[in-house]
Amino acid sequence: MDTIHACFKEKIGEVLLPGDVFSFRLPESGDGSIKSEKIICGPGLRRNGEEVRVCKSGILRHKQPNMYWIDSQQRRYVPAKGESVIGIVTTKSGDVFKVDVGGSEQASLSYLAFEGATKRNRPNVQVGDLVYGQFTIANKDMEPELVCIDSCGRANGMGVFGADGLLFKVSLGLVRRLLAPQSEIIKDLEKIFPFELVVGMNGRVWVKAKTVQQTLIVTNLLETSENMTSQQRQTLFKRVAEGSL
Amino acid sequence: MTRMSATRGLCMRTMMELDQSCSVLREYGSEQSLLSKPDGSSTFVQGDTSILAGVYGPAEVKVSKEIYDRATVEVLIQPKMGLPGVRERAREQCVRETCEAALLLTLHPRSSVTVVLQVIHDDGSLLSCCLNAACMALMDAGLPMSHLFCGVTCAISKEGQIIIDPTARQEKECRALLTFAIDSAECNVLISSTTGSFSVQELQQCIAISQKASEQIFQFYRDSVKRRYSKIQ
Amino acid sequence: MGVVLNYGINSYISIVVLYFQSHRNTYADVVITKHIITAGKEQAAPQSAGWETALAPLTGAEDARVTSLRHCSLHAALPNIMAAGFKTAEPLEYHRSFLKENCRPDGRELGEFRPTTLNISSISTADGSALVKIGNTTVICGIKAELTMPPSDAPNKGYIVPNVDLPPLCSSRFRPGPPGEQAQSASQFIADVIESSDLINLEELCIEKSKLCWVLYCDIMCLDYDGNLLDACIIALLAALRNAQLPEATINKETDLAEVDIQKKRHLKINRHPVGSSFAVFDDSIIIVDPTAEEESLSTALLTVVTDEEDRLCAVHKPGGTSLSGEKLQHCINRAITRNKEISKLVDKVFESMKTAK
Amino acid sequence: MRDTPLSNCERRFLLKAIEEKKRLDGRQTYDYRNIKITFGTDYGCCIVELGRTRVLCQVSCELVPPKDSRPTEGIMFFNLELSPMASPAFEPNRQSELLVMLNRQLERCLRNSKCIDTESLCVVSGEKVWQIRVDVHVLNHDGNLMDAASIAAISALSHFRRPDVAIQGRDITVFSPEERDPIPLSIYHMPICVSFAFFLQGSYLLVDPCEQEERVKDGLLVIAMNKHREICSIQSSGGIMLLKDQVLRCSKIASVKVSEITELINKALENDKKIRKEGGKFGFAESMPKERITTLKREEAPVEMADVKETANEIVNRTETPTEVVSSPVLVAMGTAQVGEGIVNSWGLDEDEEDEPQTEDTKTDDVMVISDSEEEEVVILNEEAQKSTKLSKRK
Amino acid sequence: MPVDTKRIRGPEESQSPLFFLSPDKAPKASSRQGVRGNGEVRPMFARCGLISQAKGSAYLEAGNTKIICSVYGPREIERKDETDMKSGRLVCDFRLAPFSCSKRGAWIQGSEERDLSQTLLESLQPGVCLHRYPRSQIEVNVMVLENDGSILAHAVTCASMALADGGIEMYDVVLGCTLRQNGNTCLVDPSYSEECGSWQEGYGENQGCVTVALLPNLNQVSGLNADGEMREDTLADAVRTCMDGCHKLYPVLQQAVTRAVKKKAPPPEKYTFTCHSPQVLF
């Protein structure tokens, strides 16, 4: 019945390559009226007239009711509005900080975009510090802009962090898996020992455990879980848990 | 060195029928994401010919090269010996323009896409191997593309026989050498780069063969990406 | 008669300023207004003053073939100034609106070359030279022959060293300094054409095996860049090589040194006559021949086909861009074959005229 | 392009870990990362992987006249390139400080140590010698480029074979590998660089620093040594003060590392030799890690060529157009002709200045203009002169 | 091993065949006898506006010397480190085509070409109203297609024609003329073979070459370049002769510029003849 959905649905979970096409001939029902259907194309899918083209290689994902996107394992981050990322402050200039987020351009972060910050009471941010913030502006034609407060002016977990602990980089695909509501990887990892974790959509992960040794173990486990089935991962984690005890 | 591979090739050749022997793509392979620094990387191996490709982008662009409405593409081909010369520059132009046509550059204005191709070994069909490596590296980097592309080289021997994916030795002995890049959307010709003289019929035959061979390479791309994502549910 | 005058006006302003600025700037203003009015009404204004269209203005060859544009209703309807603005603001749309009507802004049909002029033997310091103009594009090729040792891997051969230069002189798009990518790939292309077409036997350039041979430096320089560089380069190279004369050189048996007699000169043996035809692809589908610089920069792909006099292909050079089907490619090749005949005739005629003059 | 900046958090953590004798990848202080040496199909070509650092080296040779000062010695030329592939911070054709440092160190390690017998590279004294060129390309930068480059260079030099030559009088014949087996270089010893990074004013040291460790280091000590424990070069940079004991300790560690690495190189060389001898498969294509999921290989595959001829013919025939009328050229002047009509270019039709200058003669103070165009501005003030110039042109 | 990787390379070295001429077969130096007088300049042909892409351009032919020049700008200054932004900048690039001399030249600009560029710049600068172009630069590119002597002088003339053609504001045009002093004889506008001579090796008295650049209407010398060894009075005479030579060439330049201006945009008849010389300023 749903022809557009149908042609998408049969490909869900399959690996697609750039140039693959979903063409939707609009179904003309018997009475001549054109039934309108809506689908939402996420990352990796682009509408091109009468068809939808894949533009990134990866797995086709679906979210009810009508969202489709391509899940790919790229490493370079492209800022998107509303996403939370870990940035590194590179310069202070005037009343903004320049923050490296791993994109093609540095993001700007206002002095005032911190909880409780006023013109008088400037936040204590040094060059090289880590900030966790959210994009309020991110599009291809403008310089991206970060804030460390939510719409109510609250920090809500954002701001400067990372006095100790370790920052490292993984693929964007892995980050998305870590951030998924019921992430299996994190669940498995939690069983080994307690640690603090900050995950940015830009592929940066910050970890802090009780000791340097434990921090390094978490880091290495996360890096290796990129290309593992859940079974392989579980056996590995189990071995580490036993060994580290 | 090359003697070995040549004899290997020779054994195989005698085993097969003469007119079939020339229409064989050498064994080929590729590895993606093998370098830690670049945003995308791949090696592509065709017989003994081997290219390593690294891609950065969309990344920061120099002000002097900035384009206001699209990304700037740069391609560098590094020869194994000595410095890149005029020949490399001509190849770079070919690969760059092909990448420009395949990439959706307007999605990342004022940024740069840099493709670096390192020749690891040249045993014929070098330009097509460069193209294949570049395409796989671009895919690995996750840059938005409207279509994929691949390269196929055909040699025309002195007897007028068409040899696909020739070795360096076959290239040396042939009368004409034609390299085409084929796009995955319509299987049309993206690049044509030729040396030697040939007839119109021969050109069209080579194009037709390249189009056939491209199907196999595109299938290979698909298989390797599938394998790569095989552990993610 | 809308289209005619836009370009006239643009160039006019700058010139009039030069002309009158010493006296009073107001002169210029008056003149311009007057010119617009008279010329806008009828074309007669410039003609009656005795300025034929043959003395085409600097910037716009457009004027010359105004009649063929009449059916482009869109432009006829647009006021002059707006059309000029349209051209600068939306160059691609401007060109598309012409292509839709199967013609081009300079009045040519899609498959029409610009007039091609060839002149030879004008540089007396070179051993052979030729100047080629395709429309505004101007290329000069000078050949210098020098003596050297043959290459160690081919002791019975000489050298041909072609280089294309795009000096800042020829267009504002080129900067001083070492050759850029375009010049380098053009040089490589010319070198490939020489090799592919078997233009000259390198053995013929050898004077004595592994001792002495000629090296022919073919320096090709663009003097005015308005697109279609490669075609012009090939014609210039071919004509210059045909024009070149080498003095007799021998090795003196006693002294083992080279000896040259410039009284005795011989022409080179040219085996083949390759001629190139360049095409530009617009919007992935429309193909035009002999693109101008502007058309080149707006097009999505470029193609150069080189054929010889036996209709064999010496090069099918498409350095990327959007794709073309085998069939479209074939159309281009057919056009290239006709072009070859045209240029061969041109070259022959020029050389004949030299012969009869002697 | 800018490299990702190092955050304060990483710096603090790294230094803390070093104090606790912990390293990011779980190594001990004196451990090297995994070293993998792969030889190519060509002689003198190898890829060295040192953890994630990756370096390609190719040795080549050429017959050249020797340097005047050393007429009986071959020439060694080293060139290390930091390919922009290796790091976003590397720009093509830029002489960065790092590049100059690496090139100098490589030359000191391999040329100044006289590890290669350059006299055996002389073919005809004062006339022709072999120039050995060593090109090192850094493909991925994850720290300790110097050690990786020196391992790659010496492995490639040991692997390299130059063509055999025969001399008859002044004629030199170079034999192809099919005619005569190529000849290896004569190598006296194999110097290898071992790098030590110092932290916190020299109180801590690490062998084989990775890129992040290099970023927080205070100083670097590079010792080039061979397995006979002969120091070939030693260089300290970064301006740290080292005690005599520290340097001695480092040289002891270096001697252990060097003998390990030398053994590894020799093993790799032997292995390659064996496979070549047995006629097995070798080269980079064979060394691709097939078990990785990012890797895929395919066997030789035939391409169907059955109906290719028909397709080609069809296209050619379908597009056959009746021969167009070929326009004939017009002779403008001697040596100049034109084909095509219509548009006039800026040089004008009437201007054939190259060949036939329409002379504006200034023999007298009068202006004389001769022009073949039919413009009314033609002014002829001296008809005699006009005739003479015209005549001189026709001669 | 510094090599030119941006051009197609030939053999490492090669010699012009002229080095190997057997002495009896060498061509004899031509003399002016009967062709033109020592004080005469060669017939000159000049034309403006040939290069379609340039703001202004000129082509000049004197004897066999052939020079082409284009002018671009005024456009944004490229190197912004210049301290004086109030006036514009003139940039000159003087090049000899590789085939322009009897011995093939290199592609890479040599010191001679750089010298000539500088001299050209200095000779032109006084003629151009640079204060009218603040923060911008005007580029002058000169290419010698064939060198048959007096290239600097003709390059100056050619460049100023191109500047005028490009509508660049000028106080006056600049003309150049060269004189070759050979003992007591002086040759105006020498050809290539006349230019070369014993003075370059340092022999003889009163041997030298003088090039003068002149603003004809202001009657001011904007550039003077003298090589060799000459007596004071001879040099003064030589400068005077050169200035005369320049004045002789002026009408040709005037004609060419006027012609180009008319061609580009025909003024209505009534103005056509009111302004005969285009460069009469102030």
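Chains here go by letter, A, B, C, D and E, matching the order in which they are written, and residues are numbered from 1 within each.
What we mean here is this: contacts are C-beta pairs under 8 Å (C-beta built on N, C-alpha and C of every residue); 3 or more make two chains touch, one makes a residue touch a chain.
Everything quoted here is computed from the prediction, not taken from an experiment.
Visitor: Need the most distant chain from chain D, centre defined as the mean of C-alpha atoms.
Guide: So the chain farthest away from chain D turns out to be E.
Visitor: What's the chain with its C-alpha centre farthest out from chain C?
Guide: Max centre-to-centre separation from chain C belongs to A.
Visitor: For the chain pairs A-D and B-D, which is connected through the larger number of C-beta pairs in contact?
Guide: Looking at contacts between chains, B-D has the larger number.
Visitor: Taking each chain's centre as the mean of its CA atoms, how far is chain A from chain B in angstrom?
Guide: 32
Visitor: How big is the gap, in whole Å, between where the Cα atoms of chain A centre and where those of chain C centre?
Guide: 53
Visitor: Distance between chain C and chain D based on Cα centroids, please, to the nearest Å.
Guide: Distance between chain centres, rounded to whole Å: 35 Å.
Visitor: Roughly how far is chain A from chain E, centre to centre by C-alpha average, rounded to an integer in Å?
Guide: Once rounded, the distance between the two centres reads 65 Å.
Visitor: Which chain E residues reach two or more other chains?
Guide: Residues 6-9, 49-52, 66, 262.
Visitor: Touching two or more other chains, which residues of chain A qualify?
Guide: 227
Visitor: Please set out, as single numbers or ranges, the residues of chain D touching at least two other chains.
Guide: Residue numbers touching two or more other chains: 2, 293-294, 312, 315-316, 345-347, 354.
Visitor: Could you please specify the touching residues of chain E with respect to chain C in the complex?
Guide: Answer in residue numbers: 4, 6-11, 13-18, 20-22, 25, 27, 49-54, 64, 66, 68-70, 72, 75, 93, 95, 97-102, 104, 107-108, 139, 141-143, 145-148, 164, 167, 169, 261-269, 271, 275, 278, 280-282.
Visitor: Where on chain C does chain D make contact in their complex?
Guide: 50, 53-56, 58, 61, 64-65, 106-108, 112-122, 131, 133, 135-136, 138, 152, 224, 326-327, 330-331, 334, 338, 341-343, 345-346, 349-350, 353-354, 357
Visitor: Mind listing the chain B positions that touch chain E in their complex?
Guide: Interface residues on chain B, with respect to chain E: 83-86, 89.
Visitor: Inside the complex, what are the residues of chain D that reach chain A?
Guide: 2, 4-13, 16-17, 20, 22, 24-26, 293-294
Visitor: Quick one: which bits of chain E touch chain B in the complex? Just the residue numbers, please.
Guide: Where chain E meets chain B, its residues are 3, 5-9.
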